[in-house]
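What follows is a pair of complexes built around subunit A, which joins subunit B in one and subunit C in the other.
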Partner chain A sequence: MSLDTVKNALEHPDVEQPFAELGLKPDEYTRIREILGRRPTSSELAMYSVMWSEHCSYKSSKVHLRQFGDKMPENDAMLVGIGENAGVVDVGQGYAVTFKVESHNHPSYVEPYQGAATGIGGIVRDILAMGARPVAVMDPLRFGAAEHPDTRRVLPGVVAGIGGYGNCLGLPNIGGEIVFDPCYQGNPLVNALCVGVMKHEDIHLAQASGAGNLVILYGARTGGDGIGGVSVLASETFDADGPAKRPAVQVGDPFQEKLLIECTLELFREHLVAGIQDLGGAGLSCATSELASAGSGGMRVELDTVPLRDHTLSPEEILMSESQERMCAVVEPAHVARFMEICDKWDVIATVVGEVTEGDRLEIFWHGEQIVDVPPRTVAHEGPVYERPYARPQWQDTLQADAAERLPRPGTADELKAALLDLVASPNLADKSWVTDQYDRYVLGNTVLAQPEDSGMVRIDEETGLGVALATDGNGRFCKLDPYTGAQLALAEAYRNVATTGARPLAVTDCLNFGSPEDPAVMWQFAETTRGLADACQVLGTPVTGGNVSFYNQTGETAIHPTPVVGVLGVIDDVERRTPVGFAEEGQIILLLGDTHEELSGSAWAQVAHDHLGGLPPRVDLERERLLAEILIAGSRDGMVDAAHDLADGGLAQALVEACLTGGHGARVVLAEDLDPTVALFSESAGRAIVAVPRSEEMRFSDMCKVRGLPCARIGVVDGDTLDFQGHFTVALDELRTAHERTLKALFG
Partner chain B sequence: MARVVVDVMLKPEILDPQGQAVQRALPRLGFDGITDVRQGKRFELELEGPVDEAALARIREAAESFLANTVIEDFTVRVEAEGEK
Partner chain C sequence: MTIRVGVVTFPGSLDDHDARRAVRIAGAEPIALWHKDKNLQQVDAVVLPGGFSYGDYLRCGAISRFSPVMESVIEQAQAGLPVLGICNGFQILCESHLLPGALTRNDHLHFICRDQKLRIENTSTAWTSDFEPGQEITVPLKNGEGGFVADERTLDMLEAEGRVIARYLDLNPNGSRRDIAGISNAAGNVVGLMPHPEHAVEPLTGPTTEGLPFFTSILKRLVNA
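Entry: the complex of A and B
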């Protein structure tokens, strides 16, 4: 193929171009022609096609995501907001924390190991690009039915990929989730979260300013990895018969990434970097256009200087390649020599590939001939924006009318016991050690809480004990029943999980996983979810700092449950004050905080006992969540609470089982007499937690709850080696442990 | 007894971190002039019966579905002649 230069495009305006194959719609192609005043060259077309893909441009979601800014609560902690690589939050003592969750769903279905591994690599570079040292990762995962043969292909690969990359990189994996549901059969969700720490003055932004500054590409060589991956992989629906399209999968190299991290942090320390951007989806197209677009001038790039792994690559392919472990920096000429020295020390290849110019164009040359001449903003920030039609689906009413509260409940003590054992052994509620044991949770030596705790917690200052806690949650079943409430429940749960450990919730990141935005029903779910989330963030005072949208998670006509995965970050002044889940001491008093309602729709009980999904999700009371969080934080700070666990999937029963098994102590529990035992045990009413307090603190703690108006009921005592629901049934911890721990091992071990 | 050899290599466009690590080590150890290294896997399968088309078809199936990850790897199947080592 001959080189398609700008000159050529002017001389031969009528060449037919494969815009449809690259995922562009006819009107988008027309718009590109209008912007340029001519047909695009093939390189320009490649750039626009990847940058205007759903994945990079957020063209369907933008109008809804604006609410996160418009409704942003007052929050002094926010240092950098949405739009940068990741949001940055002040956590005190001069420290700032940056965190973000992203999806790598489609690549992980095609090639589970590498897809999940490069998902970690990508989010780690995002955090690094903000100037922070990555300190921990988390992985919220969703798979198809646990017994399905394809889950046996996908899950072990994904878990091994996360472990393989994260462990080699030396980052602790401190939490996340694993959820099974048939709706994710052809569309597993592999989300990855990373958190990084820096001092306030170390924040770096992605922009190229200052004419004459040089653009340096450093890290791995560029190969044919994932070419078109962004537009083809991330924005197309899989056919029902599985992964037919097999574009070049990206393969990650965690050791290269480790060098990149240390090298980049040293470059930051010596103040050699004026602007920086990681190379992720859309590779160089994205990095050059975003850097130039955010800066004050233009940029000129000599593409033939890019170090290649495969010398047959065309300029279009180089622009689209998603080779991993690469970064792009803007550097003042005086600093280039030192920059190169540091890269050389870390064995990282670095090449000057261009410079910042006076003009306002992004110009790319190939052996002296111009192949790209575009206004960078039109590529990076001014892509198409769609107001997609949305409509509440007709089946929503039928679904909501089919309430789980009407399902038959266990009638006898034996049936209740059997229901509990079924529940704790069900794949969603079973012990996840088989997975989390494959992750290094303690490397770096600062992990104070990891799975199965409510949040992951890492210490960030060894002198003062300052730490951050992180939890991710997202119940797709609740969101399917009512996306507005479901999204708020996801936030409320993550918020509660952070507070339960004693940390003060500060900020939010979200990964919004949905079906096709071209389906009005899916778009309605998306609109409701974002509205619910933005409203709830406003009440809880926790701004959304960034995140990611993943559309087209559907097989044929069937979309996944709307699945917003919400990550909440909290801060704790001294990690010594943290509250763990497990009951640690005999004789301590167990208190139930919050109100229990008859709310079984969408619950784990309805799923396990009846394979049922219908009705309305539990109600949300955000003021109550706030109050509960304040009580939990105060209890932890003042040393009143020795253990605490939030109530969510599986209700009170599951929370007690986990607290008993984690702590190695049983409990005697009295269920509320005014509630049906099924409701008391398995209802998933929000805004609840259990705490264990020493006898000496019980009065003080319950008085505090009374004064603040939080319902607080004494429900039992930590005692023995059985879980005894008095007047109902008793079950030995050993029996519970066997049921709880064997499931995943039997399925995947 | 007949032997069939299945060679599995990463597809040419796929990054090979292991091969790269070897390539970087070579000049350090004094082996110059080697410009690229790609590392693969070799399976030697001993067959019970004759190597006919049916047997080879089964081996190809095994290679396709199990020995190689065809998302990122290519494979070749060949019969090793008697006495060849």
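Entry: the complex of A and C
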């Protein structure tokens, strides 16, 4: 295989290049030729092809994602916004928090364990690259039908991978979601969220500035894993012996990542890093071009100095390898010696691979010969942008007309009780500890709340008790019925979950999981989702700080439900004040906050009782959500509320069951007389929560609601070892517990 | 006199920070010890914390046992230095032959994290004297390879000599023989424990504060010594 140098590209302009096999469209290839004024070398073609991929360039989503910036609410907390490795917000007391959710859907379907494991690894490095110590992870997951045989292949592998990597890394897993729906059969969603903490002055950015500064690659050696299209390039252009077979899924080494974290944090502490970027998707192509693009100068890289696991790798393969556990730092020459000492202390391999130059080109050499000479912005930041056609699908009206409110409802007390037991035992609403018990939630010793609480909460200052709370939510069924409203409901639910635990919602990250952008119906769902989310963020005052788009989650013509997973970060001044879910004390008064409407379409009841999806999702009232959050936060801050739980999937019934089982106490509850009991129990109207308050605080709390205009109804009292819906039916906690806890164990244990 | 308790950080240690916090909350001064450094800085006791040292890719604790710091730990433990190994630390103590037996993969083959009920079986060791005999406590447990195994003779010997210091109650989370959660050496200065008492020292972040006596026991013993 001969080396394709820049000189060679000039001398042999008419070589046929496998751009199509690498996923580039003819016009994209033409544009590369225009940018360079010649044909690209094979290495340049490799770089452009990965960096201009949908995954790296956001070429189909960019025009819609702009709204998150255009409609960004005024928010003093925002320190670093979209475009960096992760957004950063100010949480007070000199602390900044960075957080982001990302997808690792496709690899996790191919190889569940490694796919999910490296999903954690990648998001953790993003957070680390901002200068922060990663402090917790969460995993929003979606699988096909729970009883489908392939779910039994995918789910245990994904869970073991998340645990295997996250546990070994020493990061508590504090929450997430597990949702089953046949629409995810063949397209499971494995999203991973990480949150990190730093002091304001420690924020680091991905940029290479200062001519003469050195570029240091450190961490794992580069191997042949994770190379996608490059085998095409290597084989079809230069090698007649057939393509190199490289596995396209990366393999994770959490131990190496743990060393990388500690090593990097020590480098930050000694102020040795001028710019930093993690190596994830698109590997060195991405890191070098993004660093150079964001900096003030150019960059020169000697690619043959990169430490390799496999010495037969070609330069193109090295540029595209997605080997895990690597970072790239820009370091002033005076700091290099100390930098190397610290890497040596942690047994981390570090190599100077290049330097920042005066010019404005990214130049890469292989044993002295130039193989890349490009303007880095054209690779990293000025990729193609598509205005994909979109259109509201024809079936949307039919779907919306098929309302669940018309379905037959339980008529007798026994039928109501049976419906409740079916619901709490259904895979989506059943107890998830079979999964979450495989994750370490205690490590680092700062976990204040974890699953099954409404949000995960970690303490970030042991002296003052300052903490952050995080929740992720996303209801694909609601989004399918109406993507605009569904996206807002996802945000509203995560926002509410954060407030329920007593934290003030501050900022948003999102992982937008969709089918193919080439399908106008999917693109319409995407456009509606982003519009809905951006509008709602504006009203709630919570900016989107970053996230990720995952397209092509579809098999054949069938796309997944549009599934925006929305993560909300909140801050709490003193974690001692947090509000847990469980009813912990007999005699406390249970209050229902918010309004219950006849809203059964898209609900868990409609799915479990009738396998039905149709109608319109619950209405969203963002001002109401805001008010509810303020009341919940005030109740927590002033010590009025002992337990609180948001109402979502499964409605009031499911919320009460969870509060009773978590706290170990029953309840006597009176259902509203003006509502049909099915509606009272199972409607999923938004903007609602239940709280348990001591009798001594009831007046103060309900007066506060009255003054602020929030409906607050006394519905019962914490009592006994049954859940008693007075006048309807009574069910023993033991019976509920058995139904709730056996499902996942029976399916996967 | 401030009691100084060293906590070793191996590459891949995870609960080292938490062990230092527990030592501090108990009223002692935590001293960070580094695996490459043989110098134990004249600490009064040592904790080998939980984690996945060296990734546990070979056999849990098998590589750490050969680290420079362990040369000193083994030597001084044999001379009476109190040493507590938690989880991965327990595995390292077994690999070092400071304690008999071995920790094997959980019988159900999954990592498990749960609030685990234990009974303290021996309150005469350096690390358990602050408990009441037979006291039942709940502390977090989190491991993938926590099944304690030894041959029958060794198990009988441990029982006969009162060296089973804690036993699992209600549920055996990992298939440990005879529900053993922790053991000590014959002298009682070296204790290995699979559950994590350092995660049960604050009401806010642990299920209980019932892990604290492990750290206060050593304090009293050293003050009284």
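The rule is simple: the second predicted complex is superposed on the first by the 729 of 749 C-alpha atoms of A that agree within 3 Å, B and C clash if a C-alpha of one lies under 4 Å from a C-alpha of the other, contacts with A are read in each partner's own complex, and residues count from 1 in each chain.
In this text, a contact is a pair of C-beta atoms (placed from the backbone, for glycine too) under 8 Å apart; a residue touches a chain by one contact, two chains touch by 3 or more.
A quick note: this is a predicted structure, and the numbers were derived from the prediction, not measured.
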item: Room on subunit A for both subunit B and subunit C (clash or fit); value: fit
item: Partner chain in contact with A:W346 - subunit B first, subunit C second, else both or neither; value: second
item: First, second, both or neither for A:D437, with subunit B first and subunit C second; value: second
item: Touched partner set for A:T447, first subunit B, second subunit C, both or neither; value: second
item: If touched residues of subunit A are counted for subunit B and for subunit C, the larger one; value: C
item: Subunit B versus subunit C as contact partner of A:R459, first or second or both or neither; value: second
item: Subunit B versus subunit C as contact partner of A:K258, first or second or both or neither; value: second
item: Subunit B versus subunit C as contact partner of A:R33, first or second or both or neither; value: neither
item: Subunit B versus subunit C as contact partner of A:D310, first or second or both or neither; value: first
item: Partner chain in contact with A:Q114 - subunit B first, subunit C second, else both or neither; value: first
item: Touching partner for A:G170 - first (subunit B), second (subunit C), both, neither; value: second
item: Subunit A-centred angle between subunit C and subunit B, computed on Cα centres after superposition, in steps of 10 °; value: 60
item: Smallest separation in angstrom, by C-alpha atoms, between subunit B and subunit C in the superposition; value: 5
item: Residues of subunit A at both interfaces, subunit B in one complex, subunit C in the other; value: 253, 255-256, 347
item: Contacting residues of subunit C [partner subunit A, same complex]; value: 11-12, 14-15, 17-18, 21, 36, 50-52, 54-57, 110-114, 140, 142, 144, 196, 198-199, 202, 204-206
item: Residues of subunit A that touch subunit C when the two form their complex; value: 160, 163-164, 167-170, 253-256, 258-259, 345-347, 436-448, 459, 462, 575-576
item: Residues of subunit B touching subunit A in the complex; value: 10-17, 20-21, 24, 69, 71-72
item: In the complex, subunit A residues that touch subunit B; value: 110-111, 114, 220, 223-225, 243, 246, 248-253, 255-256, 309-310, 323-324, 347
